[in-house]
Structure formats: structure tokens, C-alpha cells
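Mind looking over this structure? Questions follow.
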Amino acid sequence: MSETELREQAAHWWRTSICDIAPGRIAYRGYTIEELIGHISFPAMIWLMLRGELPTAAQERLLEAALVASVDHGPHAPSIAIAQMAVSCGLPLNGAIASAINTLDGVHGGAGEQAIELYDEVLRWSETKDLDDAAAGAIDHFTAEHGKYLPGFGHRFHPVDPRAEPLLALVDAAISEGAVGGRYASAARAIERVMRERKGKLIPLNIDGATAVIYGELAFAAPLARGIFCLSRAVGILAHAWEQTGRQDRNKGPMPKQFAYKYEGQPRRSLKQAP
Amino acid sequence: MSETELREQAAHWWRTSICDIAPGRIAYRGYTIEELIGHISFPAMIWLMLRGELPTAAQERLLEAALVASVDHGPHAPSIAIAQMAVSCGLPLNGAIASAINTLDGVHGGAGEQAIELYDEVLRWSETKDLDDAAAGAIDHFTAEHGKYLPGFGHRFHPVDPRAEPLLALVDAAISEGAVGGRYASAARAIERVMRERKGKLIPLNIDGATAVIYGELAFAAPLARGIFCLSRAVGILAHAWEQTGRQDRNKGPMPKQFAYKYEGQPRRSLKQAP
Amino acid sequence: MSETELREQAAHWWRTSICDIAPGRIAYRGYTIEELIGHISFPAMIWLMLRGELPTAAQERLLEAALVASVDHGPHAPSIAIAQMAVSCGLPLNGAIASAINTLDGVHGGAGEQAIELYDEVLRWSETKDLDDAAAGAIDHFTAEHGKYLPGFGHRFHPVDPRAEPLLALVDAAISEGAVGGRYASAARAIERVMRERKGKLIPLNIDGATAVIYGELAFAAPLARGIFCLSRAVGILAHAWEQTGRQDRNKGPMPKQFAYKYEGQPRRSLKQAP
Amino acid sequence: MSETELREQAAHWWRTSICDIAPGRIAYRGYTIEELIGHISFPAMIWLMLRGELPTAAQERLLEAALVASVDHGPHAPSIAIAQMAVSCGLPLNGAIASAINTLDGVHGGAGEQAIELYDEVLRWSETKDLDDAAAGAIDHFTAEHGKYLPGFGHRFHPVDPRAEPLLALVDAAISEGAVGGRYASAARAIERVMRERKGKLIPLNIDGATAVIYGELAFAAPLARGIFCLSRAVGILAHAWEQTGRQDRNKGPMPKQFAYKYEGQPRRSLKQAP
């Protein structure tokens, strides 16, 4: 193999469409960094890096609202508690953020991703059914496959999640402006209606369901709902890790030592009795 | 211990000044989430969560510029390569982000933090010396303690880091407006002058040194330079992880298989000869 | 709620059957640590912690062989490369191990887990079919659901994986002693036979398929194949991280800088043209 | 640059003395994997990978005892709690292990490493002083530099750590056999004596101090005390993660919801009042 072919192989191995970097030059998606710094917002930069193009003003506003809304949910959230405990073990901020972001997985961070998939199912069914029937069918199919938890709706702590309504209001405004299509908002509301009929009470949209409406309206692929949630939740994780940094706790466990845990295993026994 | 005392112990264990959450209510640093969503920017939210108060418009602009400037530096950056490799191993986006952010440690992510500490030393010395003498003394003291790499200056890839000048221009504008004091910008420029005299050529500010000027002017504690760098670099990490998600690579290693690595260990030997 | 009920709630939250710890006393699965230290092997301790009982001598030997066999596969393995790169970023050994172990996911670490599931399918089918027909059916069903890669067989680097045969020899010896049943070894060999017929050549067991035979014979649940692989691969990860610790590299990327990566994105453009 | 030089550059970038892998062949430190599987123990493999040579039987026994002794300390240990919480967030076992091992940092996992450094200081001082004076000097110097916590001694939960005495007994036996020199055991005991004099009561060796004696006697560099602790603690982390895997908890936080956390931040306020 010639030297040129070797170089091409290596270049292809690490190929990318995101950044073009040469000595003294950096460009993202074609735009030089000098043009970007101070001229686009952080949410617009996030959009550019993920999507390859700049967002419209309306798209930027909706993305920013979703980013602001998801930053934190306090020390009962495992990601937040983990960040604090990590700092008390001696980890610097990058390590605390890493241990915590890692847990934004299927149950803790994947709900937004699954909610988009649920909305997509409603929209697929709605090609041949009216919307509420489509929602009913999608709900049944989804829960049959994934279990009883419907992602995006209800909340074990909030009867009504206070983050949902402000987000949906922004979506409605964007729909009015013609900036987004409204299909995902309709799908979400259809699910709410069907669930209310079935349960006899409102199971309202939660933060995951509301941000999923936004990400769906903005045409983000479902896994990016989780990815963008990570960018947002990293802020709360960092804030709580920083707060813990000022304290003296060493090896902070989940509860004060006075709260003993229950041992429910084998009673005391001796190796001498072992087989 | 009474029930009340037990509850207070637990409450104290997980105390926080950041978020106040009750069923149906969420407030950050005293502001309800309904007031914040759609009304403050993501950088302003980051500032609020970390600092406890809202930023001025000028502070918000500078923080946003630093966040935009640091998002990515391409697949030769270990954090970016790791994110790609992680996805090819089957990790979802949160896991890829975690493995990568973890590496924004002392050498890869800590340079901004160390640059602030260096500027702080210059400023301390400058209380009793003129600025350039203070810079010289701080440089000598710092390199004696930490080794020859001066954080924030020079770049092994860019003769001039294209991200630094736009950031410093924004700082200068803010100084003119009286929005920031200018002490950190002066310290950084003094270091540049001293290094130029000593080396006979310019060793210019790099991204870490430039963002450190911003974080210093904005009065962020040094470790938060690293923390905020994590929030920014998470964007590039996510973008590259997402790009890799669309590919078929399985267990992508650092180089194509045709590039063998050199084994320089013990020659072949047998257990039978072993002691 | 009374104080007692509160304590019970907390105790139940963190209940465990694994360890019983009181001031001055530590016992695992009922055995005091004083009895265990110096009296049981590390693999026997691993078994005790995971299974709740001590292993027989034969079980211990097979587990130990699997642990020894999986420790490392060199710098082309993403987990190993990541560990090295992490250290060069300033991470201490625990952080390098963490970033690397995280990637032992579906593609890089999950193959053993999936191989057990495949063997389980063969064994289920074999209740009503002869073994080779069962293997054929299981292969077809598995690949239809999971894609063309059959976990546990073949290797993109080794025509024959040198780790497989020694492991299967140990399993055969254990079968002869009557220490294990042999069902999983039979299932694996049936798959090898069927694949050879279909492909016209041997697609031999690899390390994942061979250790999966061992874990299946030892009655470990499929996910523990991945968990135990993590315990083993941690050794290679640590060794390579430690080797890198002695070097001077800073921010070691995946390839030397002379190997540029290919930018295949948008050509240069200006914000002024942007919408 | 010629093709050969390019290949050499890449080969050098990923050079290693640990493993030699070619199609169909795997050797660690010169020994083929076929010779190792079933013929050496897991602790001997760990030693071989880290040290490059096989251990003596006595060295192997001491390493194994240290590995067995450190596996777990129950759900109050942050690493253990984090592993459980991670699983409840949907993380698979590799991810739970990663988030947890990451926290075995300066305070939670670094104590063994720091204890070796402390013993090294005692031994350096003892070249010109008698041992107890050396211990006193080293204690003073160490606490002056690192703060009041003496690594390796005392325990916030155990008046006497039940893991220490069995480990020291094994070290004493090895000293009697002439298998290890005994200098680190002497240093540790000198520290115990000096602390008892100063405090009026015994501050006994804990697990970190005892394993540090072993690692020191076995001539492991101090950071490897932390690295090997990770290999051991990974077992407890995996066991608790696996135990949690069988449960239904979703997003398990650090305490039951009935235990509210205390908010001690800004009272409620409105953006309208903000500057």
C-alpha cells in the first residue's frame, strides 16, 4: 500500500462533516469560528453542530426553552445525588458530571426519546385513522411492547408538572406563527385526551413529554431528545456538584449513618460448615 | 431520636440552595420555572444555577461567547475520539458523553482552570510590583511548581488559536462599556508580553487562556472554568457521537486494523521455565 | 409516621442480602470477613458475592479460567485505547478504568451475554427437535431479530481465536468429572456444526462464545456474562492505563497528528449568506 | 514520508509491552494465552499484567488476600449506592460499574495510595532516625501537607476494622517465611504506636492502611494501590448492581420520597424585580 493510500485510510477512519481544522483555522459546518463567536447564541451553536445548518429564530427559541426547562430536579433525582456524592469522594467537576450523566439512561433520560417514538406511532396510525383512535391504538401497542409506563405523561412527584404548560404555550405560539407544523403537539394532546377518558382523570404531560413535543416539532431524531436532555441536565449536575465542592463531607453516602440499612441475607454461618 | 429530628437529619443531608421542589412547584434560586421558561436564555440559566443571581446583559454575552467557542476541536481531541469509539461499542448518547466528559481532566480540561490560577498569581504579585514584573514572577513560580507547560498559551496545533482573538475583542468591548474590570485581560496580556521577550516570538493566548480571561473577568472561581468547559465541550462530544451513530462500525478502535501496533515487551517464553 | 416507621422505610430503601455491616463486624452472605480473608480465592469471593453461596472446586476453576482468558486484547480494542487516552488527559487510574469499562456495552462487552441467550434458544428448541435442527432454528430466529452478527462465533482479527479451545477443553474435563452438565457446550458445538455446513467453512467459537459456554454451564444469568467480563477486562484496562502513566504524552489522540482526518462537510461559507 | 515510516509512526503511537497479538496468536508478557488459561490464577494474571513477571506463591497469596478483603462495604459506601441507583436508571451492568468505579477517587479510593506514600515517608525518615521518631516526623509532615486525615488509620464506622488484623497476620506469616521484607509492616505499626501515645488510645489500621502494607511489601507503586482497589471493589459494585437489577425501582434516588430535602436558598422572587 502506498503512503498516500495509508494516509487516506487513516483520514477516512476519522472522517467527519462537523469540523474542519487546520493550523490557525477552525470552521464548524462551513462557518469559521471567528464568524460564530459573539454572533450566534449557544442554542444556535448546538443546533448548528447537531443539524449542520443554522436554526430559524423560532426554532432557536423553542430549543432554548427546552434546554432551560430541563436543567435540574433536585437531590432526589439520582443524577443529582450522584454528582454530589462523587464530589465528596474527591472527584473534580468533570468526573462528577461524567458519573452522573452516565445515568441519564433508559429510565432517567430516555423518556423523552421514547415519547417521540410514541408520538411517531400516533402520527403513523393517524394516516388511516382519526387522531384520537390513532392515539388509542398507539398507546395500546406501545404499552404492550414496553410495559405500563407511558413515557411523557404523569409524574410520580408532580400532580401537574409545572414545566409542561409553559413549554406547550411556546409551541402553540410557534404553531400560530407557522414556524412549526403542530403535528407533535396534536399527537401529545390526543394521548392526554384518550388517557383522561380511560382513567377518568387527567394524566398530564410531564417535562419529558413536553420537551419531546418540542424536539418532534423541530424534527430532531428521537435519540437526540436524550442527547439534548444531557446537555441541559449537565447544568443542574454541575451546579449541585459545585455546591457540594464547598462542603467538608468525605465519602458522602446516600443517607446519614444513623439510618442503618436492612440486611436480609443469610444468617451468620461458618466456612467450616461449607461444602 | 424523635421522628422530627430524623426527618431534619435527612433533610439536612441533602440540603441545597439551588432548587425548591414541591408537588406542582419548581423554583430555581427563588424564581419559578414558569417565569424562567421562554424568558431567559440558556446561558443566563447556567449563570443563575451556578451563581444564584441573574447575569447582566454584558455578563450573559461574554459567557455565551465562551460557551460557543469551546464546543469542539475535532477527532484528534481524545474526548471527541472517545465519544465516537464509545458509540461504536453500543453505548447510547448519554454513555458516550459520560466516557468522554470524564477525560476533560487536568490536562485536557483543566487548562482553563489553571490559567485562572496563573492570572490570579499575576494579580497578587501586581499588588507590589508593576504588571510585567508581576507576570514574570508568576510565570517563574508557576512553572517551578507545575512544570514547563504554561496553561493558556501556545497550542501544539495552531500557531495562533483562531478562537482567542474574537474572545478578547469581546472582553475589550465589555471593558470599554465598564461592564467588566479588565484586570484579567491585563494579566493575560502581560504574560504574553513577558513570554515574547523571553522566547523572542509570540506565544499567543489559546482557547483556554482566552476563556480563562472571560471567566476571571466574570468572577467565576477557577474550578468552574473546567466545569463550564464541560458544558460547552459536551456539545461537540454529542455532535460527533451522533454522527457516529449513523455508521456501521462495530468496536471502532483508534486506527484501522492495517496499522499494527508495536509490541516491545518480553519475547516469547514458556511457563515451564518460570520460577 | 413514627420514628420507627421512618427508620424502617430508610432501611428498606437500601436493603441488601449481600453484606451485613455493623461497627467492628463485616460479613458477606453470612460469612465473616475474618473467615474469608486468606481462606478463599478471589474467584470464589466473586462467586460468593454474586451467587450467595461458595462454589465447588470445579466451578471455581472454570470461573477462574474465564476471568484469566478475557483480560485484554490490546490497543486496537476501544476500551484499551480509551484507558490510555484517558490517562494522557490527566485522569487517575480509577477514572481511566471508568471511562473504559463504560464502553463494554452491547457491541464490545455484550457479546457474551447475547451468546448465552443464543445458547438458551438452542436449548429451548432442542426440547422438541434434535440438537442440530434446534441450532439451525435458533440461529435463524436470532439473526432475524438481532441482525447478521452471531454473537460468540468468528472474529474479525483471528481466524481461530486462541482463547476458545483451552476454555472448551476445561469445560470438557469438567463434564467428564460430572461437575457440569454439558448442555451449553453441546449447544455451542451444534451451532458450529450448522454454521460450517451453511458457510462451507468453520466459523469457530471466539472468546465471547467460549466464556458464554462456561457461564452457561455455571448457571450464571446472561447479563452476568457481561458483568464478569467487566471484572476481567478491568485488569487489561488497568495494565494499559498504568503503562501509559509512565509516559509524557499529553492529550493523546487516536493517531499521531501527521495523520490528518478527512473533512467531508459543508464547504466554507459565511453567516452573511445565512437565512 | 515513506509508507514504512508512516506505519512505524502509527505502531509507535500505540506501542505496548503488555500484549502481543497477531491473527490466531495472543501472548501476554511473552506467555501464550494457551499456556496461561487454566494454569495460573486470576491474581497471578493480575500480577503478570501489571508487573511483567509471574509472582511467587507467597506474593500471589498476599495479593489475593488484599483483593478478597476490599470487595465491598455496603450501601452506605457512595460507590455501592451509585451502582444501585445507576441500574434503576436503566443502565446495564457495565455502565453501573463505570459510574461507581469513577468515584474511587482521592477520598474514596485514594486512601490506600496515600497510605503507601505515608509509609514511604516513614521509611525515608528512618534512614537517619529510629523508627518511632521517623513515624512521628512523617505523620507531622504528612498532615501539614495533606490535612488532618491520616490515610490508613481509624474508621468513621468501625472502632476496629475487622479486615485489618487478618491481613496483617498474613503479612507477618510472609515475613516469617522470608517472602517479604517487613519494612512496610514495621512502618505501619510505628505509626500506630505514635498515634496511640499522642491520642491516648489506639487508632488502628483500617482496610486501606492494611492493604497498603501488603502493596508496599509487594513493591507496588503507590497509584497501583488505588488501581488494584478498583479491581476488588468492582466485585462489590457488580454484586449490588446485580441485586438491584432484579427489582422494580425506577430512578431510585438516595432516600425515599417521604424524606424531603431542605431548601435553604433564596426565597420566592420574581423576574419582574430582577435588574
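Per-chain numbering from 1; labels A, B, C and D assigned in written order.
Quick note on the criterion: a contact is a pair of C-beta atoms (placed from the backbone, for glycine too) under 8 Å apart; a residue touches a chain by one contact, two chains touch by 3 or more.
The structure displayed is predicted, hence computed values, not measured ones.
Asks: Computing the C-alpha centre of each chain, which chain sits at the greatest distance from chain A?
Replies: D
Asks: Determine which of the two chain pairs, A-C or C-D, is joined by the larger number of C-beta pairs in contact.
Replies: More contacting C-beta pairs are found at C-D.
Asks: Rounded to the nearest whole Å, what is the centre-to-centre distance of chain B and chain C, using the mean of the C-alpha atoms as each centre?
Replies: Whole-Å distance between the two chain centres: 34.
Asks: Quick check: how many Å separate the C-alpha centres of chain A and chain C?
Replies: The separation of the two C-alpha centroids amounts to 28 Å.
Asks: Any idea how many Å lie between the Cα centroids of chain C and chain D?
Replies: Computed from C-alpha means, the inter-chain centre distance equals 22 Å.
Asks: Residue numbers in chain C touching 2 or more other chains?
Replies: Residues 1, 6-7, 10, 13-14, 16-19, 21, 32, 36, 40, 74-76, 81, 91, 95, 98-99, 102-106, 109-110, 157, 252, 254-255, 259, 261.
Asks: Under the stated contact criterion, what part of chain D meets chain C in this complex?
Replies: 1, 6, 9-10, 13-14, 16-19, 21, 23-26, 28, 32-34, 36-38, 40-43, 45-46, 49-50, 61, 64-65, 67-69, 71-76, 81, 84, 92-95, 97-99, 101-106, 109-110, 157-160, 162-163, 165-167, 169-170, 223-224, 226-228, 230-231, 234-236, 238-243, 245, 252, 255-256, 258-259
Asks: Show me the residue ranges of chain C that touch chain A in the complex, using the header's touch definition.
Replies: 7-8, 10-21, 27, 29-32, 35-36, 39-40, 52, 54, 56, 91, 95, 98-99, 102, 254-255, 259-271, 274-275
Asks: Can you tell me which positions in chain B touch chain C when the two form their complex?
Replies: It is residues 1-3, 6-7, 10, 74-79, 81-82, 85-86, 88-91, 95, 98-100, 102-110, 149, 156-157, 250-255, 257, 261 of chain B that touch chain C.
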